[in-house]
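Naming follows writing order (A, B, C and D), and every chain is counted from residue 1.
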Amino acid sequence: MKEQYPAEHSREVTQLANRLIENGHEMEVRVYYEDTDFSGVVYHSNYLKYMERSRTEWLRHLKIFHTDLEKDDSAFAIHRMALKYGPPARIDDLLTVRTVLQKLTGARSFLRQEVLRTEADGSEVMLCGADVEVAFINHGGGAKRFPDDLREKLTGSPDGMYPLGGET
Amino acid sequence: MKEQYPAEHSREVTQLANRLIENGHEMEVRVYYEDTDFSGVVYHSNYLKYMERSRTEWLRHLKIFHTDLEKDDSAFAIHRMALKYGPPARIDDLLTVRTVLQKLTGARSFLRQEVLRTEADGSEVMLCGADVEVAFINHGGGAKRFPDDLREKLTGSPDGMYPLGGET
Amino acid sequence: MKEQYPAEHSREVTQLANRLIENGHEMEVRVYYEDTDFSGVVYHSNYLKYMERSRTEWLRHLKIFHTDLEKDDSAFAIHRMALKYGPPARIDDLLTVRTVLQKLTGARSFLRQEVLRTEADGSEVMLCGADVEVAFINHGGGAKRFPDDLREKLTGSPDGMYPLGGET
Amino acid sequence: MKEQYPAEHSREVTQLANRLIENGHEMEVRVYYEDTDFSGVVYHSNYLKYMERSRTEWLRHLKIFHTDLEKDDSAFAIHRMALKYGPPARIDDLLTVRTVLQKLTGARSFLRQEVLRTEADGSEVMLCGADVEVAFINHGGGAKRFPDDLREKLTGSPDGMYPLGGET
């Protein structure tokens, strides 16, 4: 698994993007030694780390902080995750992690997350895509309804649902 | 997320089990510092590492080795993974990782993997369960049919399929 | 870095050893995918994980548990570590992690830890060796004297020092 | 270890710095879930990952790429590392990793690397400092002299040594 390496972006010095997009977030990550395994590519579970970074940075943009949640006996916890892997990422790759909120119910959020690489011809290839169901829980692990302020930060409205008019 | 800790197994000195079971494998893992995160429980992507260890040890029992595969321009690569998370594992927990081969086609294997904890009352709780589709590929990433000797190791027969009589 | 692979132990099914030795502890670890990087060998920081596992299992043998310490506003924290790397470990390697207590003062323990591989000719090669200074601290990070019961577990005597008669 | 959290930078949205400094490199890293352990702080071996990221980005600035080295039967490998730990980093912290080349001989480079946090009062605190000796090796693991072009990239001169006039 050590083919020729085409991507010019692997040789650039760059500041990594980290920005809000419509209903979500996008950030860039660089593939380092720590991310790869002996087969020459990114170890499969490390895509989940990239996705968590994007969820965290998205929440930071929305002024939602893990430390505040913890003080409030709350946390987000992954409940389900359906992963599909495409071509692998390699050392030095510059990847994009895209997170889009698909649905918000009383105590769950449903996200679509993708780790993408832009190829030499400008096309985006999906290296790992995930449908992610995140539960809002208390420290005992029980489900918890999103408080109004958190719901407002996530949807723009204290009684907001995703998609608009969706059921709880 | 720092409740009382009930499980006695967390205080035992033990040799970790690693054994074949019917159509699969079972091994024990101990939860160490490295596996946990600041919320006090095992970081969600680390269950995938536990599962990979069990797949590797299962293959070792069947005399299938990653280094041999690599020399033969072959590798197993995760293609899909559907994960469901239950209660979290904590530091010092003794966990069981169970791997069962569900189906084998021409170039894919389908596994059921579970990370379990035996509670004080003897019941098993599933902390993370996964339906895993593993592709057999060459170094270029293309699908590859299982060679006869590998198929025989996995199913006991050079033209074996799982379940018996299954289609390719 | 992908030479021929000689070591037969990489092909064995084995239960991993985990035992007390004089003034310390010895355990075996298997190298999995997760431990390696794209250069084909174990990523340098992962030897520190192996060492932590051995320290934890050693403490478990001595009936010292991280969760008890935490409830008692205590923790062990690495203060210094001097690492020397030898030949690298590779996928499937069976390694030995050896931990020996060198010295115990009022609030510090000094350990010698080595990650070793037994070669085909029976000789042991040191892949990573570390002189480790561990501080005993409270949750604020301040130094804390070892309580008598902990000191007794570590040295066999409530006022025990290492080496015998050493200064505090 | 879950004190009040003072640092405002933990709540900022920011693009992470990544830049050359005199004789070295400086980059910012954000602490994510994946970096922490159940004691509430960054796991000790993860500082080594931060340091490796800075070494890699420094080399990228100098047009030195791991994939080119690999094709040329070369690699950098950590030979020794002397680590000293200070106060711990916590979730959401914005850290600075600073890498300074101290000395370059025929086949070794000696780096000083520090992971720092800027406190509320503007002072920098060292969370982890390391004196790092990096060997230049071939794939068999043997020492290798730096080729002229690599030496020029690292020092600005094809026969450059660090410090100026230093011995090989």
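Please note the rule applied: a contact is a pair of C-beta atoms (placed from the backbone, for glycine too) under 8 Å apart; a residue touches a chain by one contact, two chains touch by 3 or more.
Please read all numbers here as calculations on a predicted model, not as lab measurements.
The chain pair A-C and the chain pair A-D differ in C-beta contact count, and the higher one is A-D. Between C-D and the choices B-C, A-B or B-D, the pair with more than half the same contact pairs by residue number is A-B. Here the CA centre of chain A is 35 Å from the CA centre of chain C. Centre-to-centre, using mean CA coordinates, chain A is 25 Å away from chain B.
With centres set at the average Cα position, the gap from chain A to chain D is 26 Å. For chain C, the set of residues that touch two or more other chains comprises 2, 33-34, 38-39, 45, 49, 52, 66, 70, 90-91. Those residues of chain D whose C-beta lies close enough to touch chain C in the complex are 1-3, 38-39, 44-46, 48-49, 52, 66, 70, 75, 77-85, 87-88, 139-141. Contacts from chain A toward chain C in the complex involve residues 33-34, 36-41, 43, 45, 90-91. The part of chain C that touches chain B in the complex is made up of residues 2, 5, 10-18, 30, 32-34, 49, 52-53, 56-57, 60-61, 63, 65-67, 70, 90-92.
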